[in-house]
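Below you'll find the structures, each written out as structure tokens.
In what follows, subunit A forms one complex with subunit B and a second complex with subunit C.
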Partner chain A sequence: MVKFNTICRSGQERSTNADITKVYRNPNPKVHPLAHAREYQRALVATKVEKIYAQPFLGALNGHSDGVSCIEACRFNLSKLVSGSYDGEIRIWDIPSRRTLVQLNAHQQMVKGVSFSRDGMRIVSSGEDKTINLYDFPQLLEQSNNTFQDPLMRYLSKGTLGNVDHNYQLSQFATAGQVVQVWDYERPKPIMKFQWGVDSVSCVRYSPADSNLICGTSMDRCVILYDVRAESAIHKVAMLNKSQCLAWNPIEPLNIVIGNDDSNCYTYDIRKIELPTMIHKDHISAVMSVAFSSSGREFVSGSFDRTIRIFPFNKGFSREVYHGQRMQQVNSVSFSGDAQFVYSGSNDMNIRIWKVNASQKVGIINQRETNATNYRQALKEKFKYNPEIKRIAKHRHLPKYLMNKKKQRQEMKESKNRKQRNAELNNPGQYEAPKPEKQQRIEQFIQ
Partner chain B sequence: MAKDKILSAKLKQQEFKTKSTQLKTQKIAQLLEPQFQQSVEIDDERPLLKISNFKDYLPEENVQNIINLKLKQGPYKLSVTPQTTYLAGESGHIAAFNWRHKQLECEFDVKEKCYDIVSIAQRNFAVAQKSCIFIYDPKGVEVHKIRECKQATKLEYLPYHFLLAALNQNGQLTYQDITQGKIISTYRTTPSPLCLKQNHNNAILGIGDQMGVVRMYAPNTGTSLTSMLCHKGGLMSMTFSRDGNHLITSGSEGTIKVWDLRTQKLQSQIGVNATNLALSDKGVLAAGRGTDIVMWKNCLIGDLKTPYLRYKASSMICDIDFIKHEDYLSMSTFDSYEQTVVPESGEPFFDTYEQPDLQNKKQRLETNVKQLIEKLPPESISLQSYRIGTIDRTSKIIIEKEQKKQIEEQANKKIKKQKKKMRGRNKIGKREKLKELERDQKQQVKWQEMLSDALRVKRAEKEKKKIETKLLDRLEQMSSKEFIRVVS
Partner chain C sequence: MGKLNKEQRLEKQLAKKIEKQDVYQQIKLQETQEDDFNVANLIQTLEDQGQQIDSVKTQYLRVQEKARIVQEPETQAERDQQERKVAATVMKQDIKKWLPIVKKNRESERIDFTKQRNVQISKISDTSNALLNNHLGVKLQNAMEEVEKVEQKQELNGQSNQQKSNLQFYNDLKMKKISSIKSKIYKQIKKKKGNKEKLKLMAQLTPAERRQEIEKLRLSRAKERITLRHSTKNKFVSQLLRFGGDKKSLKQQQSFLNNIKHQLLAKAQLNELEDGEFDEENFREQAISQLEQELQDIEKREKEKQNNFGFLDKQKKQDLQQSKSIAQKLLTMLKSGNDDAIQLDESDNQEQNSDDNYEPNVNGDKDKSNINIENNEFNGRANFVNETKQLTETQKKRIDAKTSLSNYLNQEPEKLQQQNKQEKQLTIQDEKKQLIEGLNIKNIKQKYEKQVNQKLTNQDLKKLQSDPDELLQQNLANFNLVLDEDENENAFIDEKIKDMEEELPPEPANTKGWGSWAGFGIKEKKPLTQEQILQNKIKKIREIQKKRQDAKLDNVIISEKRDVKFSKYLVPKLPSEFTNSEQFDQLHTLPLGPEWNSLTSHSALTQPQIITKAGVVINPVKIPQQINKLI
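For the complex of A and B:
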């Protein structure tokens, strides 16, 4: 008995047009010649295509007649955004249609801070004219024609005010300023005051996990942690430059990111606030505002050097930089609730909408497209250390002033390192190694 | 230290993921194996030797694909794909037909001598004719005329690089990019080439010559990458295995040898004379001489002692080839085209994304675009194709040297122009003077080099003379008697 097999492909074509076409796969590498070279080529093409499709700027919301000082995206409703400007005007925007929903002449002077409450029902705003306004959001939308709408409540503060942040759970909010004050909806006077030293606090934020913790940045170059229950501050750390802004990591609420005037962002663990856990270096000028995404993996920072940068939470350098020809100093940034968009309010009276992933398609993507993009993403990850691909992926176009400044900085850094190395080599016994950089930035730690 | 731990943990995770997915895909592939094969049982105890022994037991589809076409014009050259065959007759008869559906695609007469035919991307085909190489449409319309390669006698097509390689009788090898029409490189190989074959795994071309030497070529280097002395006589024909690890050559002294390419050593040999060789997907070797073809099974693993099948064609064989992913052997002879069934020679499980010939129309259109996007650069062709994307393990010193060289080359390329100064006095006379100075300097450098060369030559001559004079002195000093002794 002799037995053998022969190949018959007769029954493989589909019977009707309505049938799906079958796809046969053989994972044996013998059937896939030149697999390594082709995969590498696909990865190269994927990085190039990503650069071609990188169009992050979506649009601008214009309407303010003076620079935008603060913005906040609503946590409850993805399409609403509130912004305050230098001339005391507050606007509520509908982002998909790029229109102003409500326009309010809220304050006599600059609006220092705006904040949504957790359920999206209330808006709090603080102004340089020492008043805090509390608005009811649905009521505002009803009477959107009236620009002189009265707030629900108006609170008067004795000292100057900084920014305002609404409590995550209770009907309370905290304001920065000469003194850190905690207000309740019902009381006309602050229910609690914190003061440590004579300097005013510029920015204040509630912790997303425990609403009894408030963190603030003060004018004497400190970062202070306050406890509401104990009615006092816990500890503070003084740095070399003062910090402008602060953000809590919503997924790891033990970490905060502060944006400093020396153009770096620092990540601190509040349990051990003596040393920063990470220094994020990429900006050229002071960092004006920081905001975390709801995934807790990335944060965006807007700075005085007219760019916004997106940093991963654990890396020292930015993943992405956005700049516009007409965008002036960025005063405040905010992430949208679904972590897909970034809003930036700047001195040129515009609020710009940017994509978080510059080459991502906005809109409904079908299953085959997502599979293809996932495959391409995996390819890019696999070959990201290859010099050719790394060079293409890393490349970002920067305006001339930024490039020059960046080169200058690099030169300064290199010369410093060179001098240290030479000093070390030439003075074997006497040379003292400089402190690690993280320690260099801290001046002192106070309980 | 903490960084290394995190990195090592990540790498471990990645490795585990890739391994588990590999196992999964293999399992799924096994489960979903389509029923492409039919098993045939014969009551006979004898081994299969002739097709007439088992023709009656074969399924109908295989019997239908046994073809014997009578043709008229001269010996034919062959190129087969899983859908179509392309035939080029020596007197100019060119035909393309779909052997699966038994349909003629095109047939025409070129009225000049044709040396070789090869199928190219998207169902086009290239014919090496006496005047130049022509590329034709699937319908037979002439699309391109390639004048650069003169009197090419052998053609090969590298599918993933879109390169057409043409070999001359004098040994001139040209690589041409089909998408752009650009000649990538052309150089001399051997003065007497006999056969040209491609290693599909590597995209490297092997050329065998009359000295019995096989040399491997890539578009980058003008010289051969490696060479192997295979036979005592000339190399009649050769084939590479599908996975690129074996080479089978036949020499004019009457042997067929199986070589292991990784070690470049002889694996097995048999004393059979063969003018044509063909190797199937699964390792069935077909050797043709005259009108006979002998086939061996498992030639790469086992030895070539017992033949598997024999076949007798109707006339002298010109070209034989196995059809990919099928159980058929096709051959072109002096006056016919024939196809027979060789059971268990083809790989039944194909991958749809790798075989555009086995796809339907819509899939083919997609792959046409994707292939062009993923076209590989010709610089990536090398003997070790698996090294792309891996870590470069050359030492740091060598890498730094190469980088320095590159920077120097770039700096030399940049021509520095004299800047036109706008501020202050910018007389034309001064600019011209500066230009002259530069020219003089360049000339001085040239002259110095020439002088030093001339000096060297002079010195060499002087030394020669010195040696000569020394000899003369010695001869003078010797007495006349000694001189006579030395001379005689």
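For the complex of A and C:
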């Protein structure tokens, strides 16, 4: 046994307070052979922790006496939300306090669409009763007790109406319906009408960046692009199933996302609308509503299968799925202006508030905490291809009906492919190579 | 027919004439008097030529036809399609302005949406577009633009601001350093300076004010004296009051004291054990008898047969002679009873130690320190402790590890026993130590040392005297295992074969009838004999042996099994985003953590791709004003 008298200096022996001993590290990877293993372990823990702390549901806004048909978050004020229901009622909500600010009996029949102006001063609503109401938002708040407030303007449409969307820059709004109409505040009649074919248009949306472009989805399974400056539409593409909803990417105003009845979402580039650039799969029933995050990197979709899914704008599969035991078919979804929350209006008369990142803390987060979360996210991103981490991150608990349906669809798909393959093998030369799926979904492109 | 023909001809000629006139008139209408060069003139020249007028006429008719086609009304569908085409081209042109922005966003490493202006004064006025045309609207817009300009300037000035803040930070640091200077002279100078300045200030004041100032100072001092806050609240003072000194130093002191206590206690226990039966005279007698027996032993060994190796014998001889001389010296000393002589011998021993190859410095140091401590504390016993040490050291020299081992191996066990019986307790101990240390076998050494340290109290020593071989034989058994090379080699080969056998594919179950055809006229295969099976197995093993990395290395087994534990860090398939594995490996070369990066690079590496913040509204993309003007 050998005993050494080691030289040691206590940390307190400093000449000045500013004389902080610096620790110099050697960055040579040979000196840190366990760095990778340690980071892997951290990434694993991070993914597990994220799972544990995932609590996406924040609360519900209840008050409607019928299913919620449409909602939209204010484009200017983060705390305000407007919603319309099947009984013609419009409610304006204060989200932080979760109570109705204004309750209006706006329409005699179902409310088809509601929309805020960009400055948050005007609300437009369209109903099945062929009327469009324009409200002054501050005035509504002033007389919040009066449920029968008269609108600032009431416009009458000749044909039936679909949804309504306010222009982002001008004091104009567009309505879907038998005819696509563009309205101005000051004029009782539409300043522009577009009709192409017999069937009506179910949904129209203004481009958030360009005040002239409108995109619509029609009942004859088409996606149509309009330019307000021209007298007719630009072009349309006919798909195999009809689409109910669409949303523009606010950061990349070339791209639109369409929610289709075949339970998929499609991304189109309006420069080449002949083919979708991407198919987003995961829903098992018709997509009723889509909304883009204001960051342009994600979009949310509400479906008839009673779930909400969040898709990355450039991925084929969803990142997140939200469902509730009591949540029924989702009719409408909306993103908050700061890209942090998602609102969903469903047939069960409730509007629900969800977090975009399920495990994110709500409230004030200090710098240390943000740094730690950033590091965790970076680790997860680094190790996302690792099988174990991938498995844990990917796993989502789904209700039984969804799981069964998913399995069934998978089986159907596999058997179809098998059949195709067998047919090709047994009859060589008779079958052509199958078309790509994107092409299969498109029926016709009309210029 | 002829008449008709004539009439037709006439009609045609008339028509021609009329047409000519018409054409002429039309052209005449177009011509102006100012121009010298016009169509009428041209046609006049043609008329003069006579025949070419017809071709001109046909050309004219063709043009008219075309004009008619252009002026013809279109169908609604056709018109719509044309409009759509025009609209599409316009839209495509218009959209192009977004392309650079989209491209930039897609290619940028991160997009920070938190830097956007939160409140945007809307361009949609409260009532309508009309406001935009008003002065107010224009003014508002201008004001907004000015604000934007100012903000842009501020961003540009950001760098200079940072420099200023850096300077301030360094200044603060400097002041801190100055404030923490401890030298008295500096403080005195500082105090003097301060006093001078104060005096200057006081001189400027009126006498009444001066009195007030002095009274204030007195008051503050008095307050200080009363409360003594500054002294009691100080960290040093509070610790002094609580622990009687600095907390850390106190702990260190305590631990030091404890250590000394434990050491003393341990020593005291040892002494108690020895004290019970310890007699100086007895011990001296024992030692003398030991030395005498040792001398006898040395003589015996000198008479023994020599080994085949000359150098070993030489060494042996030298060792024996040295030990003999030392033992004789010691004997004389012990018999005479001179303490001084012993001390002299110590120094000799130390010198010899330094010559020794076997951990000389450490031993020497140890001895010195031990002697010093014991001289200080236990003066009476110092001699005997030293004596025992010397004895052991002499024997260390005498018995080298190699020689002793060879002795043991050469001698018959009976001889060994006899010899051991003759040897005394202490010699046995040291010989064992030598054996073990010479071979440097760690585990056995530790085990052995424990036995030596723990069990060999005086009672145990007595037991050992009766049968001293037990311990030694136990340990020798271990040595034999290691030393028996043939056995070891065989075991190693067996292990290697076993390893190869494990690699063999599992043999199919040899059930009768399985894996063979059945029916009439089929010959039954004879089942393989045990020998055949063995031979097959050996063949397979040889094949495997050829493939192995350690095929030509007799004393090495290289395990080629893949470590399953490591697989969790690997990705089974190259992800589709990457074209090759090197590209993918690039992901993992750089660790992200703060332990392996500087703090700045760590934060830069872990920044998310898109930065959003709750409460900051993200506006739709906008074309910058400069580009908009160009458009």
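What we mean here is this: the second predicted complex is superposed on the first by the 413 of 447 C-alpha atoms of A that agree within 3 Å, B and C clash if a C-alpha of one lies under 4 Å from a C-alpha of the other, contacts with A are read in each partner's own complex, and residues count from 1 in each chain.
Going forward, a contact is a pair of C-beta atoms (placed from the backbone, for glycine too) under 8 Å apart; a residue touches a chain by one contact, two chains touch by 3 or more.
Being a predicted model, the structure only gives us computed values, none of them experimental.
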| item | value |
| --- | --- |
| Touched partner set for A:H36, first subunit B, second subunit C, both or neither | both |
| Which superposed partner A:R25 touches (first subunit B, second subunit C, both, neither) | both |
| Partner chain(s) touched by A:K400 [first = subunit B, second = subunit C, both, neither] | neither |
| Touched partner set for A:R271, first subunit B, second subunit C, both or neither | second |
| First, second, both or neither for A:R368, with subunit B first and subunit C second | neither |
| Partner chain in contact with A:L379 - subunit B first, subunit C second, else both or neither | second |
| Which of subunit B and subunit C A:A233 touches, first, second, both or neither | second |
| Subunit A residues touched - subunit C or subunit B, whichever exceeds | C |
| Residues of subunit A that lie at the interface with subunit B and also at the interface with subunit C | 2, 10, 12, 25, 27, 29, 32, 36-40, 42, 382, 386 |
| Residues of subunit A touching subunit B in the complex | 1-12, 21-34, 36-43, 45, 382-383, 386 |
| Subunit A-touching residues of subunit B, taken from the complex the two chains share | 22, 25-26, 29, 34-48, 54, 58-59, 61-62, 160, 200-203, 242-244, 325-327, 341, 343-344, 346-354, 360, 362-363, 373-377, 380, 385-390 |
| Interfacial residue positions of subunit A with respect to subunit C in the complex | 2, 10, 12, 15-18, 25, 27, 29, 32, 35-40, 42, 75-76, 78, 117-119, 121-122, 168-171, 185-186, 196, 208-210, 212-213, 225, 227, 229-235, 250-254, 270-271, 294-297, 337-340, 362, 371, 374-375, 377-379, 382, 385-388, 447 |
| Subunit C residues within the subunit A interface of the complex | 80-81, 83-88, 90-92, 94-95, 98-99, 102, 105-106, 111, 113, 120, 122-129, 173, 176-177, 180, 248, 362, 568-569, 571-572, 575, 584, 587-589, 591-597, 602-603, 605-608, 610, 612-622 |
